[in-house]
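Before I ask anything, let me first share the structure, which is written out below as structure tokens.
Letters A, B and C name the chains as they come in the text, with residue numbers starting at 1 for each one.
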Amino acid sequence: MSTGLSQIGVRVVDAKTGNVPLLLTEIRHAVERLLDSGETHVIDLLALPLAPGEDKRIEQALGRGEASARVDALGPSEFQETAFAGVWLVTHFNAAGEIVGRFVEIAPVPEILQAPEADIRDGLRRLADALSGVNDAQ
Amino acid sequence: MTLLEFARGPALQWSTIILVLGLILRIAGAWLLAHDKDYSRPRVDAAWRGGLRAVFSRFWPHQPFVRQTWFHILAGYVLHVGLFVVVFLYAPHIAFIRDLTGLNWPGLPANLVLFVGALTAASLVAFFVRRLVHPVMRTISTLDDYLSNLITLAPLVTGILAYAHFGGRYETLLAIHLLSVSLLFVWIPLSKLAHVITFIPSRFQLGAWLGRRGVKA
Amino acid sequence: MRNDLSLSEVLRQQGVSRRGFLKFCAATASMLALGPGMAPVIAAALEKARRPSVIWLSFQECTGCTESLTRSHSPSVEGLIFDAISLDYHHTLQAAAGTAAEAAREAAMQANPDGYLVVVDGSIPLGNPGYSTIAGVSNVDMLREVAAGATAIVAVGTCAAFGGLPHAAPNPTGAVSVSDIIKDKPIINVPGCPPIPVVITGVLAHFLVFGQLPELDGLGRPMAFFGHNIHDRCYRRPFYEQGKFAETFDDEGARQGWCLYKLGCKGPVTYNACATAKWNQGTSFPIQSGHGCLGCSQPDFWDQGGFYHALSAGTSTSGVGLGVAAVAGAALGAASALGTRSSQHEARREVEQIVNSQPAAAGCARGGEQGKK
């Protein structure tokens, strides 16, 4: 007889740790501050003592909004706007697909999603180079 | 050896040995003394029933005195019921007893025990203050009374601090709590606190003696 | 790789973009448990940080700590940090290289006169130097020689930090910790059996990023990872408050995931990051897997009266011992009562003599007795 996980008399239960309402309260205050003073805020989900399955419950409580983005830098990163505008769920993966960072970011746009000034300058230089190449060709 | 290792090791080991040895010594030493023969004819067949009755009946206050002694009765109940709840219905304490005896029973939520423990400590403080300010109480109080009060109060206070992680790191607070418990264990057989167990034979003896004469007490 | 490059330059050379660098800083802040607000500070520090040379010494150990570390060495952010340090000598990983490896150690020591970082795993036997040697050099001699030029020493694992398993009673090899031997250098203890991989790399990363020792607790452990006890950060803590405990490993309470305190969990007195950092890429940690904490990041965790005895139970108390105490108490009580009895009888005889010599009083006493009947 084969023994699957389902035949073992152990089940993972939802521990009522009360983390979800606390997190939502912190997010609410952060959104208020964002509106009042423009101050952004980041919450490190990996620093919370989450019970099994609680990560999924947080995800469900936050829901999904209209915007989502993906960045490929040192492995993929996912940016998902939640059902509450200005509240983002940010997940960083390494090249092996393991989660190395998971944050709730309260900002109009997550910081890493914005093009950094150094890269914009770099891009401008390359754009100028490309244009001079086009002009030379003409 | 850290403070916690000392508290969990030699301190608890020797204090429990002194507690058990001392209490049994006191009971056996008293009960095996020569008793005066009672030459009277017993009025009832089984005087021991009166003894058994007295062990339990005296948990209830004596009606005629209630008006004058209501404070003692109330605070006494809080203290004794509270101590029972804290000592026997708090899970880590049950684990301590289970480790020694193999006996196990369910406990109460920690917050409830914490609340009861605070009430119990308050009753001890109230008793202590009363002893200091009440002229009659002050006259009849001995060093034993004051020390017994404080030594019983110590584990309650240190236990609450340890639970609340207040005033130091948990392992230090736990060690201090266990040391205060060890002090209590040693003090019990040496003091009036021996009544934790001697109340049973003394009530029984008195009840049996009165019962033999047909007095229901 | 050149040693004079800053870490951000090293990363850029490896084709890491600015976004990647910021992501790296965010993940590092998370790993160091510094809070997301510290990511810009890390970014600024990494602009200036230099690659330190690292010499890794393995003494009386089981290689579990190195196993733990190399698990974090898979392509990951902390792995990248580790790439950025210059690991010049690791005798376990280089075992096959023989004298060439020893030459590399000598070379690293000479090439970095301004100091290098020494990582030690394993305890040092003092009972007989021959118990553990590397290339014929005893552990204690090698530690003293290498430590002399070190900027700081990181004692990785409970053996190096506190003596660990070899130090357990009766300590047959006379094992001691690094801090028992080296007194004049800063020592960071990273205990655990083994330590959590990201805690090892995290401490190295902290040194790399800030160029100084992290804040340490009374046992020399970084507060960032060892600042909280397991119990305070445990997701099962609410069950402790509610008084819901597993009584055995296969009862309903165990299946419901209740608190493991009564099964001997040492979480309340154990300081480590297991409850938040977790193990195996954040999969789980011992309590989540249904087993109480052994307290492996604490000194002498092997000698705390058994892994399955509740923390509130005594470590030397026994029911049998108390039974013996009870019998002894009864015997002493009986002896004292019998001793008193003889003087009681004597007193009674004296009373009877007095009573018999005084007829009137005797009649009175007899009358009293009759009255009782």
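Things to note:
Basically, a contact is a pair of C-beta atoms (placed from the backbone, for glycine too) under 8 Å apart; a residue touches a chain by one contact, two chains touch by 3 or more.
Model, not experiment: these values are computed from the prediction.
Compared with chain B, the chain whose C-alpha mean position is the greatest distance off is A. Averaging the CA coordinates per chain and comparing them to the mean over all protein CA atoms picks out C as nearest. Separating the centre of chain A from that of chain C, both taken as means of CA atoms, is a distance of 34 Å. Rounded to whole angstrom, the centroid-to-centroid distance between chain A and chain B, based on C-alpha atoms, equals 58 Å.
Looking at chain A, one finds that none of its residues touch two or more other chains.
Chain C makes touch with chain B in their complex at residues 229, 231-232, 240-243, 245, 247, 261-262, 268-269, 299-300, 303-305, 309-319, 321-322, 325-326, 328-330, 332-334, 336-338, 340-341, 344-345, 369, 372-373. Contacts from chain A toward chain C in the complex involve residues 9-13, 15-18, 42-44, 46-52, 54, 71, 73-74, 77, 92, 94-96, 98-101, 103, 111-112, 116, 118-119.
Residues of chain B touching chain C in their complex: 2, 4-5, 8-10, 12-13, 16-18, 20-34, 38-41, 91-96, 98-102, 104, 106-113, 165, 170-171, 174. On the side of chain C, the complex with chain A involves touching residues 16-20, 22-24, 26-27, 29-31, 33, 35-37, 39, 74-80, 233-239, 255-257, 275-277, 281-282, 288, 290.
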